[in-house]
Amino acid sequence: MKLIVAYIQPQKLNAVKQALYSKEISRMSITNALGAGQQGGYTENYRGVEIEVNLRKKVRIEIAVNDSFVDSTVETIIEAARSGKIGDGKIFIYPIEECIRIRTGEKGTDAIGG
Amino acid sequence: MKLIVAYIQPQKLNAVKQALYSKEISRMSITNALGAGQQGGYTENYRGVEIEVNLRKKVRIEIAVNDSFVDSTVETIIEAARSGKIGDGKIFIYPIEECIRIRTGEKGTDAIGG
Amino acid sequence: MKLIVAYIQPQKLNAVKQALYSKEISRMSITNALGAGQQGGYTENYRGVEIEVNLRKKVRIEIAVNDSFVDSTVETIIEAARSGKIGDGKIFIYPIEECIRIRTGEKGTDAIGG
Amino acid sequence: MNKLIISLLCLMTLGVFSSQAGTELAVSGEGITLESFKGSVKASWDELETKEETSASVEGSKTVTDDGISETYTGVITYTIAADGEGSLSFESDDKFWTSNVFMMFCAVLVFIMHLGFCCLEVGFSRAKNSVNIIFKNFTIVAIATLIYGAIGFNIMYPGDFSIGSFFGFAGPGLGGTAGEMGMTYSDGYTYWTDFLFQAMFAAATASIVSGAVCERIKINSFLIFCTIFAGVIYPIIGSWGWGGGFLGDWGFHDLAGSGLVHATGGAGALAGAIVLGPRIGKYVNGKTFAIMGHNMPIAAIGAFLLWFGWFGFNGGSQLNGDPMGTSGIMVMTLLASTAGVVAAMILSWILSGKPDLSMVLNGALAGLVGITAGADVVSPLYAVIIGAVAGLLVVVAVIALDKLKIDDPVGAVPVHLVCGSWGVVATGIFGTAEGCTVLGQIKSILCIVVFAFVCAFIIFTIIKVTIGLRVSEEEELEGLDLGEHGMEAYSGFQIFTNQ
Amino acid sequence: MNKLIISLLCLMTLGVFSSQAGTELAVSGEGITLESFKGSVKASWDELETKEETSASVEGSKTVTDDGISETYTGVITYTIAADGEGSLSFESDDKFWTSNVFMMFCAVLVFIMHLGFCCLEVGFSRAKNSVNIIFKNFTIVAIATLIYGAIGFNIMYPGDFSIGSFFGFAGPGLGGTAGEMGMTYSDGYTYWTDFLFQAMFAAATASIVSGAVCERIKINSFLIFCTIFAGVIYPIIGSWGWGGGFLGDWGFHDLAGSGLVHATGGAGALAGAIVLGPRIGKYVNGKTFAIMGHNMPIAAIGAFLLWFGWFGFNGGSQLNGDPMGTSGIMVMTLLASTAGVVAAMILSWILSGKPDLSMVLNGALAGLVGITAGADVVSPLYAVIIGAVAGLLVVVAVIALDKLKIDDPVGAVPVHLVCGSWGVVATGIFGTAEGCTVLGQIKSILCIVVFAFVCAFIIFTIIKVTIGLRVSEEEELEGLDLGEHGMEAYSGFQIFTNQ
Amino acid sequence: MNKLIISLLCLMTLGVFSSQAGTELAVSGEGITLESFKGSVKASWDELETKEETSASVEGSKTVTDDGISETYTGVITYTIAADGEGSLSFESDDKFWTSNVFMMFCAVLVFIMHLGFCCLEVGFSRAKNSVNIIFKNFTIVAIATLIYGAIGFNIMYPGDFSIGSFFGFAGPGLGGTAGEMGMTYSDGYTYWTDFLFQAMFAAATASIVSGAVCERIKINSFLIFCTIFAGVIYPIIGSWGWGGGFLGDWGFHDLAGSGLVHATGGAGALAGAIVLGPRIGKYVNGKTFAIMGHNMPIAAIGAFLLWFGWFGFNGGSQLNGDPMGTSGIMVMTLLASTAGVVAAMILSWILSGKPDLSMVLNGALAGLVGITAGADVVSPLYAVIIGAVAGLLVVVAVIALDKLKIDDPVGAVPVHLVCGSWGVVATGIFGTAEGCTVLGQIKSILCIVVFAFVCAFIIFTIIKVTIGLRVSEEEELEGLDLGEHGMEAYSGFQIFTNQ
């Protein structure tokens, strides 16, 4: 079992979600994040003072999958989230030791997926 | 050392917190998340247009514990968060390599707990 | 590759960011969190009723780095985030299995850093 | 020497829908002389039974021509027949009537914006997940209350003649009346339409008060049904006792703008609702009281400020004309009482909880306002300050007491409107200079009002509860009424904790 | 016997910038007798060509001394020369004028706050990432529209004489006029300045209406250019047809406060803008309609309530004096129609989508208000309710229809203002009692207004599009106009999802 | 032939708390004849020392009976004794007084809502973590300022006689006065109560201005103490110099509604506060200026719009009667100046920072309003536009300059109120037509005002600082004053970054 964490552009969330659904990957958790990466920041302006903003709004998607799904999930995300411009985001993969469904108490591979 | 990440129903947060406290697990971090799982979505309606919302509000609890605490923590969460209905949530367990307390510089097992 | 997750006091974010930049660690993701730790809570008051608030506002910084950067990153964070008071925060280190840059498809060590 | 030519003009041609009959004076048209006018008025008088010392009025104009300059004045001509059968005529210019009517209309418009005040206060003092529902309630209340009050309430409140004792009367459904009786002759300072405008806003306010106490758990359709009955029947009945010529007058009841008739009535309905519904999930757990914090204090502040703002119209307009000393005195007493309420609530909450509580201070202003509403026209500045300060203390104590009783009232409708409204009525008996108004009479009156309003509201809520149901499901309450009742969110895109 | 002394005082000394010439009556100064006044007026009259049955007015005062008590009245003295060459004088006290003018000024101030209403409604109904931009637009519109309307628009709208048929006229740039012609003699109920104040607020409202339909994608500079032209030229031209003495009057056109001249005009401009701009990214994808939810319903509710609030001034003031029956009748009809709009929209949206939609209910109130704006002075309560209810239904249907046509109008400016504005004009023909006003005349009139406004707006938008560009880049639209156009965030510190 | 019967009625029976003595005219009661009235007035006159060309007024009514029609007019009867000892009577109807008083009351109510404007602007322009504190401050200011101003301020500002030069006077504590001297005879257009209502709102505004500059770091109790003194003593002293008959009048000082007396005074207090407190943590670090962004622009926009809205009452009411040309001219000049301020600030900020800055535009409107406040009654439209535009430029420049000086003023109270207020006073000397008003006199006056206000405020703030402390702890400032001072959050449930 792996945890796939993807940071993507906020406006790509819908596309990524749709793409994942179409691959029947329908479990995920999403949080809001601010990110600093290669993309660099921008300048805001407030009452005559410049503000360097180097944290950009990103969406963080967490998907726990069984090992066999890792590649297809990653590919799907990349396909949907990629625009070719700097700032497209990054994907991290972590090991999961255990997964438990609260309602049933199921564990491991059964709990992660369907 | 393990990281326990639990996604639960927002309204269960208080109960889970109390239960953990009563087991003297008093360290945790909480974030807001949107989740898609088995629970499925619901339909909103705005100005005559239906909106399929498949991301439901969830609370994400992160608890780093020493290995001996893993089971009791998981059990406690399950007990408090379970209602028996779809959407009760899920728990993931990850390995932690190191933990450092910023104030004192303590590391590992000491830093995690008391 | 390691994932460094630091929980710090919100007001230290700017200092930590600056310190990391000055060490040329310029990639990170930030989320808002509520944390319970040693610091304890405080009491709010609303319409004559006391409220025990034991979740304090924290900032969660996620930094994925190549192994060689782990120590310097951790040190930099500690230096900038430390005030010596309870509540300064904590750092966790997790293993990363893979990292992929969405735009280029680069993987591993290349993807994480520059 | 002046030459007087009296020409009577029917000034109102608004083709209003009228469901009421009315006796129209037979005198109209141009070129009618003084004598012919007197004659015709007298003739129609003679048909009536009582002829002693009574009078008839008609709108008309008077033209003075002197030294080659002609001047025309519009106003009301009144023909009065004295006991000895002699008739006399008097003319009153309508200049002040115009001013008074403008004043009353703006006061009504100020009262209108109080509904945004109620709305914002309730939104701000409750949780984000119920905001859409609260806005929906407060917005539609204005519409529903106005329509039902127009259809029946207005004519229950001002029945003309009572049919059951001096307790209930009904002048028939609908709005409108005989042209010629809706303008200057309708009252001293406002037209029929202005009257309805002002009164409809009060009816809606009464329903809005209830809204605050039942929020975050009541079903939207059940609430709307309650409001329709409360604003359309219960409030008008109570109102008729005091303002429509009913039995409270026999006790010398004085209630300028409705500390009792509006606020205590609404507050009693709020109490009934809060009791029948029960507390919100999580408010009282294992005998302990938990605070459920409001989610948006700036919106709550907008609400409190707008209520304060509108109250100048609420009290000021209730003098029913624009008389300078009267209205300006009322406005100042209103201001003084509200400010005293703020300061008193601030000090007491500071003492009790160690820190000054914003929500108590906002309530303190409203408490002072509710308190002075009955007697703003009959008290001195010193007493206005005392009444407001006591109200400010009362509201803090009552909020805490209500929690002790495990009655859950999210915005404090009961402490503000019921408690301080009752206090305002009694205080008018204590401090006021209104003729015939006694402490005892005021206490008897407020008891009648509160008991009747509470019992009626309790019965209506209970009937709704056992029939179509009053409260949303536990699941819906936890998820929020916005999704459950309206399928919509108030703050789409904002990341909000909904764990309470 | 009274002794009359007429002393004429030039009451206005305000050293106004005036770009217009004017004939000033030669009569002024103190101590002038009746005869000398008559004489001088007659003399200046004799110079004029038309002498038959015409009159001249001047502000003055009249003093009566009787039995040792002297009284002075201020007002207007009018000298009228009848067909037979005989002159006569009349005096009218300015007491009612003061009242009417005060009424009109407050109505103008109420209309002013409608701009905050427009602003809040638009902010609430759109996404957080565009809020700064929307506020910026709505705030500067008031400024720009006022200035351009003062510079040219006012004198296009009220040209005095038309230069092209009864279609276009221009009385020259700038504000101000001859002292002595701007006060009581300027009109029956308001001064020149009050007139401008009230009218400028209307011009700004017309531009604000467009704002709602084009938001979340229009470039700020392009929008400001459009507004300048629309409020400064297009609206005044259309306004002159109806209120400035233009050709719509020949068809018996009746539009009290501008269902057609203001709202349909603005709504037509909104439609043109929405079409030329195209829909927001993500609104219509692969033939499917997606909802883009507003981000702040409490702010939207504040907007809707404030528009409702201000509308009492919008319609009430449009009678142009403070006559009690007229103004109070207008206010009540306005209230009744809006409440009916709320209830109708609530019921229909409840039926259509299973749950009552807040945004539809807010729009329903506005629909009822727009609908009654043309005929509030000439309908009965029953008809006001019908007009409002139909408008409430129309707005729900039109919102859905517009989505079917793939025209993206974030706040519903077209359904509310164009559709219900047109309905209001036609309804006045159907239900109203205005003299000479026919259904056919109203239909012809509204067609002229809508077609002209739409075509002009379409042309202006298109020219802007092909020259400096109308729409922000896709990237900027996705990131939000707040950062792109203003480099600023509306909710700094809040965690907000911007994924839509 | 008319028959005049003069019956004098004591119209005011409001049993007010009065701490002041007063000479009541001995004439009252019904059925008093002209001769007896003359006689009694003359008698009481004879007791007084100065008999030359002086007069006494009393409220009364006059009844005319003619040709069988009786008419009664209420108003003021004035008995004037000329130099030759001959007495004459005049009667003035109170019709216009009613209108003026209604106008003034509504203006006061409009000024009231400016406090919500100040509150929202300050909340919006500061950080979420301090919102409760800011609302608390702005809400209680209204209460505290009203009460202290009623207790002592009003009688310092209008002392009747000065006790120290024409610099300071005090007419004793408390509100109220002799019945019969508080109504129509009190002034030309408003009662005693209306006067207090209007003036109290001004006093509160002065304190609110200071609030904006010291927010996000001042201790709540310290601030409330400052406000009490500032609104209760300092402002009234300064006010008495200009409006209470003090020495500024000798220099021909003209300040219609308080560009100097209110705004520059408040602005000077704000400057003193900002200096004594020092900047917020993080505002100036290592010589560099950092922006601390406001957290809620829609709320800030509501604030700016409401201030603009209320300003029509602020300036309009300051003419102190409802005279049509005067008031409507003031309203239009107010509108023109504010719109010019918006446009000027927009253009300059666009040039300076490449993008149009919303916060500057909101400030621009306020700048224009503050600028025109002194001279709205004495300038032409062209000059109003110039005054407003210059103010709009000044505010942008001053905001930047203040940052250069490392003076931290979160909402721009100093640029808007001090800078533009001073400009407004001087501009009235340059462009205005007020009699006797010179540029030099205006400059001297504004210097006196600003220096005195600044020095007093500086001393008070410093004394508070060294005694009970002025500023919250660093820790509390970082965590937010909402938790520290009030133990409460403004946006419970919202996820908010508090890292700044």
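Lettered A, B, C, D, E and F in written order, each chain numbered from 1.
Basically, contacts are C-beta pairs under 8 Å (C-beta built on N, C-alpha and C of every residue); 3 or more make two chains touch, one makes a residue touch a chain.
What you see is a predicted model, and the numbers here were worked out from it, not measured in a lab.
> Starting at chain A, how many touch steps does it take at minimum to reach chain F?
Steps on the shortest route: 1.
> Compute the distance, rounded to whole Å, between the mean C-alpha positions of chain C and chain E.
Taking the average C-alpha coordinate of chain C and of chain E, the gap between them is 56 Å.
> Centroid from C-alpha atoms only, then distance chain E to chain F, rounded to Å. What do you get?
Each chain's C-alpha centroid was found; their separation is 31 Å.
> Please compute the C-alpha centroid of chain A, do the same for chain C, then give the distance between them in whole Å.
Averaging C-alpha atoms per chain gives centres 18 Å apart.
> List, in ascending order, every residue of chain A touching at least 2 other chains.
As it turns out, chain A has residues touching two or more other chains at 31-32, 44-46, 94-95.
> Out of chain E, which residues touch more than one other chain, so two or more?
1-2, 95, 99, 102, 106, 293-294, 296, 302, 353-355, 357, 359, 486-489, 491, 494-498, 500
> Which of the chains touch, listed as pairs?
A-B, A-C, A-E, A-F, B-C, B-D, B-E, C-D, C-F, D-E, D-F, E-F
> For the complex, which residues does chain A have touching chain B?
Residue positions touching the partner: 3, 17, 26-32, 62, 64, 94-103, 105, 111, 114.
> Considering the complex alone, what residue numbers of chain C touch chain F?
10-14, 32, 42-46, 57, 59
> Of all residues in chain E, which touch chain B in the complex?
Touching chain B: residues 289-291, 293-294, 349, 352-355, 357, 359-360, 396, 399-400, 403, 412, 495 of chain E.
> Per the contact definition, I'd like the list of chain F residues that touch chain E in the complex.
Within the complex, chain F touches chain E at residues 1-2, 4, 34, 62, 77, 88-93, 95-96, 99-100, 102-103, 106, 110, 127-128, 293-298, 301-302, 304-306, 308-309, 312-313, 316, 322-325, 327-329, 331-332, 335-336, 338-343, 346, 353-359, 361-362, 365, 377-383, 385, 433, 491, 494-498, 500.
> Taking the touch rule as given, give the residues of chain B at its contact with chain E in the complex, in rising order.
For this pair, the touching residues of chain B are 32, 44-51.
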